[in-house]
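Two complexes follow with subunit A in common, the first pairing it with subunit B and the second with subunit C.
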Partner chain A sequence: MKGNSSSAKPLTDHDHYKAPSEPSIKKVPPKRKKRRRSQAFQEAVTGYFFLAPALILLGVFLLYPMGAAFYYSFTDFYILKPDDISFIGFENFSYIWQDAQFRQAFWNTVYFSVIVVPVQLAVALGLALLINKKLKFRVFFRTAFFSPVVMSLVVVSILWTFMYNPNEGLINQLLGLIGISPQPFLTSPDQAMNSIIVMSVWQGAGFQMMIFLAGLQNIPNHLYEAADIDGASNWQKFLHVTLPGLKNIALFIFITISIAAFKLLVQPMIMTQGGPLGSTKSLVYHIYETGFNYRDVGYASAMAVVFTLIVLTITIIQRVLIREERG
Partner chain B sequence: MKRKKGIQRVVLYVSLTLLTFIFLFPLIWMLVSSLKDEFQIFRDMKSLKAFLPPAPSEVEGGYFANYIAAFQRVDLMKYILNSLIYTTGIIVFGLIVNSMAGYALARFRFPLAGFWLGVIIATLIIPPESIFLPLYVLVYDLGWVNTYTGLIVPFIANAFAIFLFRQFFLDFPKELEEAAKIDGCSQIGIFFRIIVPLSKPVFATVAIVLFINHWNDFLWPLVVASDESMRTIQIGLQYFMNEPPIKWGQVMAALTIATVPMLLIFAFLQRYYVQGLTHTGSKN
Partner chain C sequence: MKKLSLLLAGVLVVLMLAACSSDSNANSEGESGSSGENTTSDTVETGSVETSVEATGDEEVMLDFWIHQTGEDETNAYIELIDAFNKEHEDIHVNAEVIIDDGASAYSDSINAALVAGNLPDVMAVDGPYVSSFAEAGVIQPIDEYIDEETKSQYVDSIIQQGTYNDQLYSLGAMEASVMLYYNKDLLDEAGIEPADSIEEAWTWDELMENSKKMTTEDRYGLNLFMNYGVGEWLTFMGAPLAWSNGGALISEDGTTVDGYLNSPETIEALNYVKELFAEGVVTDSPGEMQFEEGNAALALGGPWIAVSAEDAGLNWGMMPYPYKDEKVSPSGSMAYAVTNNTENPEAAVELMKWMTNEEATIKISKATGMPPAQKSAFETMEKFNELPWSVMKEQVIQTAHARPSTPAYPVLTDAFAQSFHAAALGEDVESVVEQQVQRVERELKRFEE
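For the complex of A and B:
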């Protein structure tokens, strides 16, 4: 669509230019017209020259694998027998619903997302509001809250595995100082996922706090001044000036956290290997194991297709919500 | 009234201090423990000494004994080098390929330009996790497993980077390019001699985003660089964490080492990173 309208643009521009002085288009010398066409051709060639490397790479390493995943999902492709692929229709997909491990991984992932997303959003917003005022050591506080972001998820996961150690870990020692008995954390099916959630919020919130801070600074000051003149309380100012001003940024953060949460993999892989009793096995982790450990590419691809559809659905629902909010 | 304000201030600072502790204590413990021997780590954990560096009299093999031991036990140097090659490769090729694509989509009129832009934006919502298996099969068929090519090439083109570049070039004043054109400069010459040198901020932003994403990468290096000599630092850490005998001090030393490059990036270039991400956030 856009391509058509923009490729027609030089013509209309030209018409506007020429129309007042030269009433008839026939007067344009044919030579000029030809030159313009060859210029357009040259521009197209240059355009594709600039765009081609990226297009080819995206095609080969993103779109082709996407299509291949879709194709494999209808086959019994097994990595050890790459030449023996047969089409098995929807068998993989119908097996998904009988696969107790898939169901568990699915609900684990949902549980993780449903808790992490609002909590992390609230923590990030809370931190941003706390330090978005004149404070002593403001830069220090901001840096402190942001500092976990500097560590990779792998580093953080390893560090917290040691901190969560049931007997000798730092957290149990600290809890001991205030008289709380040692907790099993990662070794208990009831606590493992919650322990991962706490760590994930701790690691990620500082980053969204920075984005919220940028958003807070973009709210025009005169809105607050006007509210002051109207005698609004702090709470009213928050409700009627701050929150509406942050809506778009909050929705953007909401989408990115939701999608990232649904891709949960590194934390359980490093901290619990999906255990205990599968309580921290995530969807992507289950796909990874099926594909790379059990080499069942066909079935893993079917799950990957389902996973993609879920992520797409989340994205689309949220986009629609945003559009409604804006409209 | 004034007293109420004073109490509010106190509450505010107390909660900020508490929060600071919550966000910093794991890092402090990691840093401090990397300087202590095993016995001291476990003894100090029973008190707040867990967060204090060891006194000079308490260190026997020198402050950096754990670091030296970690480097001797596993080839951390090699892992870091692999990570640097991996990220640098993606950044160098990625900057060229994606900036050119972004420029094409911002400046040139050619058939299907809008269509390709739509396709590129659409690929943003494909979760990379869902294509890793077929991508691995492809890279395997190409004979690229356990090579830098296999690590780097699939991630050179980056829809997000193309989009950032396009947004930047759209706002770029056209007059300079037109003047250069009149002077007889070719399109390629214009791009590399005029546009690129004047677009340092967006190149910096994309380079940093790429560095952070791929320095922290886990899944792709895990499957493609399975050979010990090809491991990146993140993969190396995961193996080191489970390699007996597990020495807490040495693990903390290795974790600290892996964080240093990120720390440097954020300390000096953080502004570009947050800028880039908030920019797209508001424009989306």
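For the complex of A and C:
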């Protein structure tokens, strides 16, 4: 402290000594502020500079198209006549309610989602539990279950189309070995969507399995040990330790699968072209066909707007439900 | 590390194998178009293929030219023709761009994108029935003033018919297409059935039904309709003549309505005939890709490319004319060329079109693809068309070919018919399905009302 006071003196001396130039000293704080401001400005510039790639991409490929789709949904934009667009109000939207194909595509999509979401969730969890055990060839199984995720969905769809072939397909040949008569699969209006569901679950479950696996490994071991001491059975451990421990991850997966399921497009496009009799036409596929095959961009945009609203609603409902459960 | 790299290598192999099989699938789908794809392989480079003649700088006119790619031989034939054109015409230089036609929408997607961006080439290949929608939208322009009657009369009638919209000529094609009733000679002999060797002897619907039934056994179908091509243009191309032959139609003569045409009793009767074929079990809705070539179907209503694949498979085959009810008609129409409104040199563009579709060109392309030529004289020059079985195809192209309807609503109309045909094949109630489709097309037609 003494040192401090002694050093303070020369400072004040120094100040007095510099008294004539006091005004310039007073000017220092504003200068600092300016410096801070310009520094903040610079930082902001740097920040936006780093953000720019993301913002530009988002703007060009997401925000602008969304805005354009919203605008076109009120017009009669026909792809062959890009210079002749006129405003037609809500005509496109009112036709949605009369469009039998839209209704069919909507219910197809709902059916697909309602089945795929829980089944895929269960399969992914099952696979994760299996792989979490210290089995022989664990790495092999993990790779095997995960490999469909790495493959392009288009490739997978084409392969499964071969396997589903009613005459020469692998699956019917296997069924024949156990005495089941050949099934029409993709060529039957009753079986086509279910065939696509099976393939989609197989293709998608590997990814969710990995996320579940991470979740499983995050559950502290001492909880299981405690359960063991309490004499809990394996089933009780699963029910009261594993499941609660996975809850947040399951919710995350639930939402992502739901949204992905609603965007069903590639499988019907490659495997069935939406047939037979429109039984596998999904909403997104119907929108695509309307816009590109039938060139009716205006109506396709209107359906896209409605589709976005539907997905948005589902997401909000899920969020609310989840919040309630957490609360 | 070793394990990881082994794993990666394994994944790569799987992906490559998968990629190969996807290619072969794309090929088979390519055949489903009416546009007469003779898919041999996909090995031609996919990007833009510049023709080998370099621009020398003193040429006045540059033409951009889009051709669709379906097979290597076909593309090579085009490139040779374009090279020759560039050599012959010192004042015109053609840049050709080959665009993949996967039988689905790849080619039309390219056109749509270029259209919206205003980047269309000077000349482009378009599928015959789509000419009218491009014409109606003013995307392509009439060429009557650049072509004289004599040149026009050298083409088979159906090519002029498919290229005409509102009494103006818009497109010229090098090849025609057709659907023949192919037969397996051995199986016909076995059943003691006489094939029809000319249009006069063509089978009626009843004969087709009866003979198909006769030749259907437990491990073999009587008839193949190539339903494996999917629900698309093929069903309209192959199936619409059934309606026409019965006095039905897809759309009114003036193109303003389908009500009373697509759902006319005659069209519905034709679709019910299809339904009966499937109900009798003489034909399947999911044939293997080579069902006919492998002898698992006695008859097949297939495109000219089936002659090529049957020959390659070593089958003892023949062709008959398309079966009829009242009037003898047959499928027609293929890829053709049209001049876009984007061009500054319509005259040079038409010159190129004529070059690509003259007798020499049609013969060359016919040899490369197996498709019938679009010039009448080419049929005389090519000897194979003057003897069986190819003489039947020639007769059919010249005498009974019937172009698909010329309407700007064609994309929706063809899907409406294909869906109805497929519903009939699956045994659905034809009338109610057709009625639904009529509503759809009527809505689309409103767009083009004045």
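Assume the second predicted complex is superposed on the first by the 294 of 327 C-alpha atoms of A that agree within 3 Å, B and C clash if a C-alpha of one lies under 4 Å from a C-alpha of the other, contacts with A are read in each partner's own complex, and residues count from 1 in each chain.
Assume a contact is a pair of C-beta atoms (placed from the backbone, for glycine too) under 8 Å apart; a residue touches a chain by one contact, two chains touch by 3 or more.
Because the structure is a prediction, the values reported are computed rather than measured.
Asker: For A:222, decide between first (touching subunit B), second (touching subunit C), both and neither.
Answerer: Neither subunit B nor subunit C is touched by A:222.
Asker: Report for A:161: first if it touches subunit B alone, second if subunit C alone, otherwise both or neither.
Answerer: So A:161 meets both subunit B and subunit C here.
Asker: For A:323, select first, second, both or neither according to whether it touches subunit B, subunit C, the two together, or no partner.
Answerer: neither
Asker: Return first, second, both or neither, reflecting whether A:293 touches subunit B, subunit C, both chains, or no partner chain.
Answerer: After superposition on chain A, A:293 lies in contact with subunit C alone.
Asker: Taking the superposition on A as described, I'd like to know which of subunit B and subunit C A:145 touches: first, second, both or neither.
Answerer: first
Asker: Tell me the contact category for A:81 with respect to subunit B and subunit C: first, second, both or neither.
Answerer: It touches subunit C, and subunit B stays clear.
Asker: Give one of first, second, both or neither to describe whether A:134 is in contact with subunit B, with subunit C, with both, or with none.
Answerer: neither
Asker: After lining up the shared chain so the two structures overlap, which partner does A:100 touch, if you call subunit B first and subunit C second: first, second, both or neither?
Answerer: Once the two structures are laid over each other on A, A:100 reaches subunit C alone.
Asker: Please name the chain, subunit B or subunit C, that touches the greater number of residues in subunit A.
Answerer: B
Asker: Following superposition on chain A, which residues of subunit A contact subunit B and also contact subunit C?
Answerer: In subunit A, residues 79, 82, 147, 150-152, 154-156, 158-159, 161-162, 168, 292 are touched by subunit B and also by subunit C.
Asker: Quick check on the complex: what are the subunit A residues that touch subunit C?
Answerer: Of all residues in subunit A, those touching subunit C are 76, 78-82, 95, 100-101, 139, 143, 147, 150-152, 154-156, 158-159, 161-162, 165-168, 184, 187, 189, 273, 275-278, 292-296.
Asker: In their complex, what parts of subunit A are in touch with subunit B?
Answerer: The contact residues of subunit A facing subunit B are 1-7, 9-10, 40, 43-44, 46-51, 53-55, 57-58, 60-66, 68-69, 72, 79, 82, 127, 130-131, 135, 140-141, 144-156, 158-163, 168, 170, 173, 176-177, 202, 206, 210-211, 214-215, 248-249, 252-253, 259, 262-263, 265-266, 269-270, 284, 287-288, 291-292, 297, 300-301, 304-305, 307-308, 311-312, 315.
Asker: Please give the residue numbers of subunit B that touch subunit A in the complex, ascending.
Answerer: 12, 15-16, 19-20, 22-27, 29-30, 42, 45-47, 50, 96-98, 100-101, 103-105, 108-120, 123, 125-127, 129-138, 153-157, 159, 162, 187-188, 191, 215-216, 218-219, 223, 234, 237-238, 241, 248, 251-252, 255, 258-259, 262-263, 266, 274, 277-278, 281-282, 284
Asker: Subunit A touches which residues of subunit C in the complex?
Answerer: Against subunit A, the touching part of subunit C is residues 3, 7, 11, 14-15, 18-19, 21-22, 25, 105, 108-109, 112, 115-116, 133-134, 136-139, 230-232, 284-288, 411-412, 415, 419, 422-423, 426, 428, 436, 439-440, 443-444, 447.
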